[in-house]
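This is the structure I have questions about; it appears just below.
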């Protein structure tokens, strides 16, 4: 009985949570330009999306491309910077360590709008012309703390003697780093990278304030501008559906792998 | 002269901040020897091993390997290898690659690596395990791989840092025998760190007993067991009765209210000493002529091979006795001790001695607080030495009730009272005689009875 | 390893330039007029402008309501998900986490569109609904995490000492899961106050929240006033994170 109630509650909540996404997904399979108006099954919107055959040409596709490139660069740089930083912070003691951890927390606690506005002011102050570079720098700023946060536990879980064992067996410090330390930290670096990547994909406010006026659009800013114009580009529907499916598949794969790993252990 | 010594440690010291971890360590290791560094946790034994391995740089002193000072050489250039506590196997490599790690770095040809790794696996009875991931191995198996990984490089000295501490008792016993066997077969010098005295006695050719960063005693297992040089060693190694005693003259000593013959000489006449009597060296007798003192059995526990009994002697001291026969609780027994079995030791100190300063008339400042004391003969500002007996120190349940606060650091039962080492919050040590029962690690308040404090002019 | 502490240096410099300096700039701009002279007028303008004040009050109100609803709906969900007897499937947990991985703007837009099609008038009601919809995963996840990590023997000990399930829940489970709730609050409250796109979509720009007026000022080159508003928000963040300090540790991070 109790279990039934619990299940009903959970699934009701999920139904509510997913209703808009399912709604969009359904209407991605019809040609109608107006949402909610079913004019028969069609995959034309999907075709338009991939060929760019729509109003505004390839603006949507180039926004998607920008989003992905920015996310990849930001995640890669963050992973490098964050991993080096994590090793450094792990070896710090006392007040210095606390300071670094505090600094690392700031971008995570700050709401996007603060990060966005403050970086906007920075670039204005430094006289940087805003565009691709400033957006990437801004994304690195809010992504790196998550990498640090994912790598640090791997460092503290690691048997501290492992690095010394490598030295003991004749590895130079840099050999020990590459042959022992990096392989040990790899899972943390990978999850840090994935997190940084999705944070970057997800971002709207920071990009909005740091992209300048050169007309650089990511998916988020494209949607924002599009929605403010009033007429939502119908091709966004198949795009959302696809993204939804990709995330779903990725999460399933990750979960299955995690389950296998935990069963092995 | 050092030709015979593969490792020669000279005047090694190390401090972390104010804390002296190692204080003027000197000892040597002969080629092929199995040397154990033995001591309680925090005694500095692991730091000493890590200095030999090269992970910690000494503040002072030299580490000679075959006569050459290696203290400036980084660990990866030292021809020594370490078996780490909790093994430190590389989780991302399988058994073979773990063992081959050092050889690959030395660019040993693949064929030779294969041969040497297989030979090592056989030596540690792990043949056929080379493809296994190290996570899938039991603790004992991981230990064997760690030993193989170190030995495959043919190090001049193998350093082992509590390698068996994480194993259960049965496994530990088996591995001890195997280690001994590996040592014999390979002929490599072993330096072994442990806090387990039984392990040290079983394995070693030579034991170095450390406490508080200092070497207490160096000797063979038999020497150290039979002739401990101070009460710390006596207490740490095996079970013992440690007693306050008075050397009457050579070969005659008084303790627990009776006089005994002994074999020790040269302590002088009428000198306060400590005496150690092992519990298995107190014998029961039914012959009144042999009886040296009488006692009443107050507890008797079967320990597998022998019985462990606590008896109250006729003069009110409590002794531990181990015997193959049980005597019922409450029975009156007659006891004697052979002169050979009485080990007489110098007392390390007879009272607490600390630097002090006269603050004002009747008040003296020492250990970071002010105490009432008779300051007759001195005036304010005089730098003096304060002495007070162990029994003048009062320990209080609540830290805030005392003038000082501290922690019980070490305790010794001396048949009718406890002799404690108390470490104050400032890091000074005080020694305390008390009848109250405390445990190691108890936080206590400390007071000192004014009438116990005697001041002496400082003569430096 | 021992000497690698200096590896934190590049990141330290990076953070000084891209985190600390920008925050200082917010303060600097907030207390300057357009010609770079020191002034309090930006801050006083906020406190004397009834529009700004009422927007601010409304933002806080919506944020509190949103946070409370998220706790009320999310806590039971997190509890059920973490309870092995009530939920054995990892799929439901994953389904709750998944929306966190999808662009919030997209999800909000989908919600707004659904309301449009259903003929619901956009206003405060839809705003709150959409906010809860957007932020509830961020409440459920940390609570779920804390509940999962909680040592089950606490509850068993309480039962052993005579507590009934209801008492166990209120006296043991809830207090011990407070760190998760706190970090959920941090992940929901501040973003709600500061959001602008979400409120614009969900109310068709009828209701302005604090984030929106910051955005409007910055975008119309009123940097100093915009900075002053951001500064006020910074102070609120300071206060909320001080309250949440310590209770929040270790529940964030590792979203996978």
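A few notes on this one:
Each chain carries a letter (A, B and C) given by its place in the written order, and its residues are counted from 1.
Here is the rule we use: a contact is a pair of C-beta atoms (placed from the backbone, for glycine too) under 8 Å apart; a residue touches a chain by one contact, two chains touch by 3 or more.
Predicted, not measured: the structure shown is a model, and the values here were computed from it.
Under the stated contact rule, the graph of chain-to-chain touches is a line, running from one end chain to the other without closing.
Looking at which of A-C and A-B shares more C-beta pairs in contact, the answer is the pair A-C. Separating the centre of chain A from that of chain B, both taken as means of CA atoms, is a distance of 56 Å.
Distance from the chain A centre to the chain C centre is 17 Å, each centre being the mean of its Cα atoms.
Annotation for chain B: residues touching 2 or more other chains are 55. Each of the following residues of chain A touches two or more other chains: 164. Among all residues of chain C, those that touch two or more other chains are 2. Interface residues of chain C, counted against chain A in their complex, comprise 1-12, 14-15, 17-23, 25-26, 29, 73, 76-77, 80-81, 83, 85-87, 90, 92, 94-99, 101-107, 109-114, 116-117, 133, 136-137, 186, 190-191, 193-197, 200-201, 205, 211, 214-215, 218, 223, 226-227, 230, 233-234, 237, 241, 252-256.
Taken together, the chain A residues at the contact with chain C in this complex read 2-3, 6-7, 9-10, 13-14, 16-21, 23-24, 35-36, 81-82, 84-85, 87-89, 91-93, 96, 100, 103-104, 106-115, 117-122, 124-125, 137-138, 140-141, 144, 146, 148-150, 153, 160, 163-164, 181, 191, 194-195, 198, 201-202, 204-205, 208-209, 219-220, 223-224, 227-228, 232, 236, 240, 243-244, 247-248, 251-252, 254-255, 258-259.
Contact residues on chain B toward chain A in their complex (touch as defined above): 53-55, 74-77, 80-82, 84-92, 101-102, 105-106, 135, 149-150, 153.
The part of chain A that touches chain B in the complex is made up of residues 159, 161-162, 164-173, 175-176, 179-180, 183-184, 186, 265.
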